[in-house]
Amino acid sequence: MDHRFEPTRYHNSFGSHAPVAQVRDGDRIMTTTLDCRGHDAGDHPATDVRPNPLTGPFYVEGAAPGDVLAVELERIAASRDTAIAKTMVADHLLEPETLRGLPPAEQIIWQLDRERGLAWPQEPPRGLEGLCVPLAPMLGCLGVAPAGGQAISSATSGPHGGNMDWRGTAAGATLYLPVFQEGALLFLGDGHAAQGDGEIVGQGLETSMDVTLRVRIVRGWEARWPRAETATHLMTLGNARPMEEALQHATSEMLRWLGAGYGLDASAASTLLGQCVRYEVGNVYDPAFTMVCLLEKRWLP
Amino acid sequence: MDHRFEPTRYHNSFGSHAPVAQVRDGDRIMTTTLDCRGHDAGDHPATDVRPNPLTGPFYVEGAAPGDVLAVELERIAASRDTAIAKTMVADHLLEPETLRGLPPAEQIIWQLDRERGLAWPQEPPRGLEGLCVPLAPMLGCLGVAPAGGQAISSATSGPHGGNMDWRGTAAGATLYLPVFQEGALLFLGDGHAAQGDGEIVGQGLETSMDVTLRVRIVRGWEARWPRAETATHLMTLGNARPMEEALQHATSEMLRWLGAGYGLDASAASTLLGQCVRYEVGNVYDPAFTMVCLLEKRWLP
Amino acid sequence: MDHRFEPTRYHNSFGSHAPVAQVRDGDRIMTTTLDCRGHDAGDHPATDVRPNPLTGPFYVEGAAPGDVLAVELERIAASRDTAIAKTMVADHLLEPETLRGLPPAEQIIWQLDRERGLAWPQEPPRGLEGLCVPLAPMLGCLGVAPAGGQAISSATSGPHGGNMDWRGTAAGATLYLPVFQEGALLFLGDGHAAQGDGEIVGQGLETSMDVTLRVRIVRGWEARWPRAETATHLMTLGNARPMEEALQHATSEMLRWLGAGYGLDASAASTLLGQCVRYEVGNVYDPAFTMVCLLEKRWLP
Amino acid sequence: MDHRFEPTRYHNSFGSHAPVAQVRDGDRIMTTTLDCRGHDAGDHPATDVRPNPLTGPFYVEGAAPGDVLAVELERIAASRDTAIAKTMVADHLLEPETLRGLPPAEQIIWQLDRERGLAWPQEPPRGLEGLCVPLAPMLGCLGVAPAGGQAISSATSGPHGGNMDWRGTAAGATLYLPVFQEGALLFLGDGHAAQGDGEIVGQGLETSMDVTLRVRIVRGWEARWPRAETATHLMTLGNARPMEEALQHATSEMLRWLGAGYGLDASAASTLLGQCVRYEVGNVYDPAFTMVCLLEKRWLP
């Protein structure tokens, strides 16, 4: 069944909030998200909720703690012709000794050409006059209600997903989120028309989005951290600080997936990962950092 | 001028050791490296020096502290038909709570087909019977003598390069190493016929190598950390622990490069990196971790 | 005014939950806390809420975001004669390579002699037959509702305080907590009859407590992190991971306190701290770690 | 036997350098150290070697890899009436967002009153006019030659000891250093007339020192990291980055000591440490950080 849902209120935390809609295993949701500061498709402020106002939560009937919620991202598309982005690498991502001389971050406007799939700064800084980057729309925030009745800010992430700012949260990918509460309670938001690894300036090309996704309930996986899949890759995500711990979670989760899902014991899985693994860097701007462990499916048994 | 150099003794540290040969700006060196445990092209033990016995150091006439040594990697090719590799992800790269049940690492032999450019485990673990990966030969160790008369183990890395275990240290790339001692004193070793990101099992496909490289002296760069370049990318490398600090160094070094080399001030460079940067994970096995900051050249002014 | 409050329900998160009682600036609260697994003064299970069931929240009339809530700890006393404690240093606090051979943690019972102020294991492990340690009762959990409507697990900590497991949260100390929500919403729990630094086995001597405290509203402080004070010391607490970041917060908060409170600019405060600062280690068991920066008052202007 | 040794040349690395003197198990050494920038008892520059010029190395006859060198610190006393110290907490120890407004570090002179054991800034910053702190002389650098022929800068630390900047390296303490090279090769330097935890401004009260110490060879300990002992405490030191890893080494080393030295298995040792351990913060300024694990001897079997 298809649901078209137009949000009227927003949350700034992933928590056990009252559902905005109830959907079933296999249903499709067509909805919208505001940009990180709450502006809508008309670039008008639509909420005071900060940061990263979230659409949702969607209650998925039958999803129970221990299950996994598969979120198939069918379409993520900017819903207006502008985005904003900051202009300075975050303080904590630079050597402390290089910080003192740097100017503060500002926020500039990027023009989006949705037809041709391109973006460029409206008033480019000197030296970037010809810069024009391809659109690669994605969601900075995707997650479910966390464990133990917690409500965790939309500025950070955890086992429940959250603000992972990973370029891979894009159309064509399926994200698998561990379910901690009845109904899973799915939230989404913080769309980026494009973004470098790590969201190192603290913002991608922040804009409002139209999103189409399908939800499915997966049982028996014992996933502890988010997983993802495309036509070509298996991926696991760790959200923690420091990066080493995020990498530990992502790598351990991949071992679990290769074990229970593909029959590889820890030695076989390690032998494979040792020579074939790739890592990507998700958000390194927020309190929890995201590391992604990737394995090409062609190496699987 | 071309130098063919066949090593007879090896070092296990990057330090101000007596040069094995003297070369000039622009010279080509053709030499060999042992594998990580000291075996040569005949798979015979050729030294007791451990770990990662290094070929070199080569003294580059005219290279002085403050310069940069450009190392153009022209050819890196396995010199025998076998490699070894461990079978278990390193303890510190897994969640502590998953460690207790895991078996210890063993070491297995991989068969290399140098003609077809493929590798596979001689006795594959169950589930990996058909595994066959492409060769992608690289050097785990490349570096110069560090500052202050230090001699730093070939098991770790720093501003001088070292054991960075980065897949990008491969033919077609030029590595730029800050020079700290007269003559730079270039070392190389620890070849891998292929390797996953991070060298997470503590070994790539460890084998002996034939290496051809050219050295050039670059002046006026004020590089503090290794840089690299291919036909398509600029790259900077930070070697430190934790990963956050390695990432800080790599990112700050890229800002310096974009500033002095391409006229982008910190805001312009940040605006560019924010939406276009990529990161790769080098060694996360050893005491210092390697993070690589990448920028496609097509975005440059 | 004095309030005697006997809790009947508990929370496992610091959040904007419905207050259990309303108190005024200067009021005294006499109440009780359960032990970490929900047992009361009779060692009977009193709740299913896990982990660390919290007493509260107490709504302090007039406390508003930007204020600081001073919590004067007048009395913290075990309310029964037993405590429990685990028997193994946490996995993540040991070298990964030492983990494999270690037995799993168990939980043993300690006998408390409240009159003489002593504790010992009821069935001491071999070699600890004569062990008898002094009681030093403290609260593992003390905090207010965090910012942004979050509900943060009682197993971790943040700018709002939380599960800091610091030996200094003891009678005679005043804790100063930044207020993020109307009424501050004070929670407490997780009493320890004694505890080593860091709570490295994941538990102190976990027992139920009688607690007497007074609350006061402090205005104009601009505190970003918890502070504390005794007759002899100023203290500031950072709660984050990794420890370096917790130390950054604690040290920066001390600079702010010495600046606004004692008229020392950053150079003067640094000159003082450089030669006189002390650090203590709070919780290093949970997702966020606690570092405490201490300065003896005798050095103050 | 007593040796009086007046150094004439210095090293800026802990390495397998030519010994300056040969001593025997049980011998006493009376010598001097320069301050961190190479000034002597007359405050005259005595060397260009930087940073932290080291006295030594002393070759201890019979000390072999696998042994432990016990260094009994009998006397550490400032040899002049002034010290220098920086005036700003190090950049990496403050929240990045607080850095931009801060002035750069300067270096001021402290007056030492060696008779009364006091120190104060010659020109105190505003607000510190009456500041006067007790002398507590210590050595910032104490270590032996590291493993594998390495030469490690006197600005950092490791299993060999090194620049640990721990207040406990003081008269009355015995430091136990793992031996990696024949003769151990003991170095010392970087005296501080006093110092706060962490050496957070990058300097203690830096001055020249007179030092008396005795060396003893301890066999059969299997120590991997430095240990220390006073009349009241056992202590173990981990030197690594990040602090978590330093704490892992220190805690694991204490388990090893309690096991082999006092017959406590890991459960018994954990039970004891869990309620009785203390931690101190050594150097957090340099590339490797020092964490110290302390246990009062009165708790030992």
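Note that the chains take the letters A, B, C and D in the order they are written out, and that residue 1 is the start of every chain.
Note that a residue touches a chain if its C-beta (ideal position, glycine included) is under 8 Å from a C-beta of that chain, and two chains touch if they have at least 3 such contacts.
In this text the structure is predicted, and so the values were computed from the model without any measurement.
Farthest chain from chain C, judged by C-alpha centroids: B.
Residue numbering shows that chain A and chain C use the same positions for more than half of their mutual interface.
Centre-to-centre, using mean CA coordinates, chain A is 46 Å away from chain D. With centres set at the average Cα position, the gap from chain A to chain B is 32 Å.
Among the residues of chain D, those in touch with two or more other chains are 92, 94, 102, 242. On the chain A side of its complex with chain B, the touching residues are 85-89, 92-95, 98, 102-103, 105-106, 108, 119, 121, 125-131, 133, 194-201, 203-205, 242-244, 247-249, 251-252, 255, 262-268, 270-281, 284, 289, 299, 301. Chain contact summary for the complex, chain D toward chain A: residues 90-92, 94, 96-97, 99-100, 102, 104, 242. By the touch rule above, chain B contacts chain D in their complex via residues 12-13, 15, 50, 147-153, 240-242, 245, 287.
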